[in-house]
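You will see two complexes here that share chain A, one where it goes with chain B and one where it goes with chain C.
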Partner chain A sequence: MHHVVLERWSRGDSPVHRRDARAKILLTLALLVLLSTAQDHLAAVSLLYFGALVMGLVAARLPVWGALVRAAVVLPFSAVFGLASWLAGEPERALALAAKSYLSALGVLLLVASTRMPDLLRAMESLGAPRFLLIVAQFLYRYLFIISEQAQHMRSAALSRGGFRRAGFRAAAGALGVLFARSYARADNIHRAMLARGFHGHFHMPAAARFGWADGLFLAAAGGGLALLRLAAGRLG
Partner chain B sequence: MSEDRQTRVLEVRDLRYRYDDGTVALDGVDFDLFEGETVALLGPNGAGKTTFVLHLNGLLRGSGSITVAGLKLGAETLTEVRQKVGIVFQESDDQLFMPTVLDDVAFGPLNMGLEPAEALARSRWALETVGMAQAHGRAPYHLSAGEKRRVAIAGVLAMNPEILVLDEPTTSLDPPGQRALVDVLERLPQSKILVTHDPELACALARRAVFFDHGRIAASGKTDEILNRFGWRLRLGARSA
Partner chain C sequence: MHIPDGFLSMPVWAGLDIGAAPAVAYLARRAQRDLEESRVALLGVMGAFVFAAQMINFPVGVGTSGHLVGSALLGVTLGPSAAAVVMTAILAIQALIFQDGGLLALGANVVNMAIVGVLAGYLPYHYWGRSGARKFALFLGGVLSVFAAALLAMAELLLSGVRIPGPVLGISVALFLVSAVIEGAITLAVFQAIERINPGFIRAPSGRGAPVLAGLLVAAVFLAAVGVLFASAWPDGLEKLAQDAGISGRAKALIATPFADYEAGFLSSVWLRKAAAGLAGLALVYGVCLVLARAARRRRSA
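Now for the complex of A and B:
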């Protein structure tokens, strides 16, 4: 089975991985707020936060270059709005948009790459995120692997018989239809399996892990550090 | 041992079911299961075996009567019956939907209304019973097919059912995985219904077998006799000789 890279990274072992997911979520939120509200000296703020995030990647023992490249996935989206700002005569706004969106993506990536998805979802639940949203995310994440595996099997089967190139768009569309139908059937089976184990519309989760003093210290130190960096950027700028 | 002296844990009478497209899936099935007994359900694809077992805890509703451990299956008894009849589905991936193995095994006990601490204790016991205690923190999609199957069984065992229904339990398992599964199943004291196409598995676990055909029970008897009678022994060597 081919697991996505982020999933593999999230199963690592580092001081950052070992911290409670709630502390990491709150820290990421703090970063996003500090970043999005930064108006002045944006170049210095961006540079300092970029350095802090790179340090975070190193501390989490994640491949820095790989993470930096993956975070750039958001740039095409922000580039559209950045281009509009640039054409409207506001190049600073365009650059700010690109820098903020990239650093936000890098921060979220650091969170997701250093926290196992079950821990992340459980932490979000204990922080008050809507349960329904979390259940949808949980199921999506759980079955994404299976659906992608099915898609890979179908692709292999198609390739072994000449691939879709010759058969054309119609065959590819047909395969996609089959994939949807299979996913639908699977959803039905999952629901049946849930009913068989007494499900009546409400998910019960076992208690979340304890938030220790080390997690509190981590949150306070790292959050304070981010705030200080923002202040320092003002002096530098 | 005479059937009269044994405790009947499942009694099915005149069970009939028709799919929406009009296909008759079950056509008057009578079936009994006794305490501690393992029965193999054999028969060709589409004979009605899986449809039959889906009725046992009310996932499908046909006409006729089903009584589980003295409880007649109906809307009022559905929750209780689902605790008594545990179904392990053919596709383990359909059954393992929670983020971690322990969460998944605890799903049933928590739905039963147990306190989280008790549900977790029961789940740990169930995982230990199937030899998967070490996997409690792992994500289900990281397990092998055999491990997934054992965790799926633990998920049902944690609800402490009286009857265990296993639908094609050896599908996609390699021979060592099958052996490990048989070892686990042999140790479990519950009454078991085994839906299978695997003659070896049926012989290893079930003394009695019933043969389904066109939604009916065509024959019931000793597993070996039923397999021979319907030509379900795979004798490839004999054919090529």
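Now for the complex of A and C:
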């Protein structure tokens, strides 16, 4: 499954993996803003940023081609609106939408593939995201695989009985009803297990790692590099 | 419809991020208060359920199929504030892990689906959940949650300058309506299946404290989205109307907010100005959210 691969990537070891998650989040946001505000010389900007992101993937020792393919999931959406812009007589905008959305997705992918999920969520908390939301997100991520597998089993079982198509809409609804009831019961069990282990409604999160000088240097150098690339794109274009 | 990064212009994403962040913080606090014994595991697992539900395809007509979106179902089963938190967590995980929806655009997606979508899905049940129109309320909730979210997303794209020709716009709105009706039917069918398995599992709405304000808010947002769609489909019509009424000039002055011209003047080169203005905007979003959070905390402790 998709997120299992990402999980494996995020547990790798490289100079990029070792940087503080906050530095990487801020750098990713800077990249997204630089892309979102790019208007002139877009072709040059896109090419240079594409090169920078590929360098980032190489530095993080991630499979470059695999990551490039994975980020392409945004392209169907971009294609629909690109087509609409094209029909409206703005082909440049169509290309700009595709390039910007693809590069943004690649940037976020690089962040997530080089940062472990608990570190990422902890960094978001220290940047000010509500803790309750992050705990919910953590549980969601933890049980996503389990519940999805259950759904997959139910789907295989239904297909081996001839699929939902013959049984129709009500059978599919019945399957989802069962999945809902099972998930609810599972949540009850988890809650009881947590209580049995002494949960009193408070989570103890390990303190975030220190934001070292190497992290600051990394943020400044990479952020400055991205800004310089845009400057260079202006000169080239 | 998850909007990716690169589609929204800066005033649109920054404005929606500023709006969404304090709203989510407030909803998270409310959900935490309302839940018995802080049953946070339930919210996470139900979020995973909504993800997994997308694997079960519902046959719709010949050769096509739909799947559950889930905002209305979550709103009815968990309550609106908990459902909004779960939907926000889903959107964040989708943006991060599945590259489905952008990070800067997260505020927009949260407003569309987790706030307006959940409220629009829940409100019919809140008003008519006890009466004989209960089934219709559930169906309507499913329809409204998807239709409102899709129209809002479309309006945000149009406001950001994405050009969509009139006929294409008409076709998309028709498609939204079809998928909204499918969501309504799925929501109702799943709800009935849950009740068959666990009779009496879903409590009837308390009927107390009818959220009139929330209803008005959803209606206003809905109307604004429809207005933007109409304005984009017939831009000349609106202009002409404004000219006839002689309000064009005044309207322009009104609309010229500080954000409309968001370039920091002291920098010379155009791209540098745009980028610096963007980064300053992001810092502004962050600062406003921090100040609001601090103010809320002080009020609570006072």
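Everything below uses one rule, namely that the second predicted complex is superposed on the first by the 193 of 237 C-alpha atoms of A that agree within 3 Å, B and C clash if a C-alpha of one lies under 4 Å from a C-alpha of the other, contacts with A are read in each partner's own complex, and residues count from 1 in each chain.
We take it that contacts are C-beta pairs under 8 Å (C-beta built on N, C-alpha and C of every residue); 3 or more make two chains touch, one makes a residue touch a chain.
Nothing here was measured: the structure is a model prediction, and the numbers come from that model.
In the superposition on chain A, A:50 contacts neither chain B nor chain C.
By the touch criterion stated above, A:138 is placed in contact with chain B and with chain C alike.
Residue contacts after overlaying the shared chain place A:211 against neither chain B nor chain C.
Legend: residue contacts after superposition of the two complexes on their common chain; A:227 is shown touching chain C, with no touch to chain B. Looking at the shared chain after the overlay, A:168 reaches chain C, while chain B stays out of its contact range.
In the overlay built on the shared chain, the residue A:148 is in contact with chain C alone; chain B does not reach it.
In the superposed model, A:186 makes contact with both chain B and chain C. In the superposition on chain A, A:196 contacts chain B only, with no contact to chain C.
When chain A is checked against chain B and against chain C, the one touching more of its residues turns out to be C.
Residues 3, 138-139, 142-143, 146, 186, 190, 194-195 of chain A lie at the contact with chain B in one complex and at the contact with chain C in the other. Contact residues on chain C toward chain A in their complex (touch as defined above): 2, 4-10, 13, 24-25, 28-29, 31-32, 37-49, 51-53, 55-60, 68, 77, 85-86, 88-90, 92-93, 95-100, 102-104, 157, 161-165, 168, 185-186, 189-190, 192-194, 196-198, 201, 269-272, 274-275, 277-279, 281-282, 286, 289-290, 293.
By the touch criterion given at the top, residues 1, 3, 116-118, 121-122, 138-139, 142-143, 145-146, 186, 189-190, 192-200, 204-207 of chain A touch chain B in their complex. Chain B meets chain A in the complex at residues 54, 57, 59, 79, 82-83, 86-87, 89, 91, 93-95, 97-100, 102-103, 106-108, 110-112, 116, 119-120, 139-141, 155-156, 159. Those residues of chain A that touch chain C in the shared complex are 2-3, 6, 28-30, 32-41, 70-71, 73-74, 77-78, 81, 84-85, 87-90, 93, 96-97, 99-105, 108-109, 111-112, 120, 128, 130, 132-133, 135-144, 146-148, 150-152, 154-155, 164-165, 168-170, 172-181, 183-184, 186-188, 190-191, 194-195, 201, 227, 230-231, 234.
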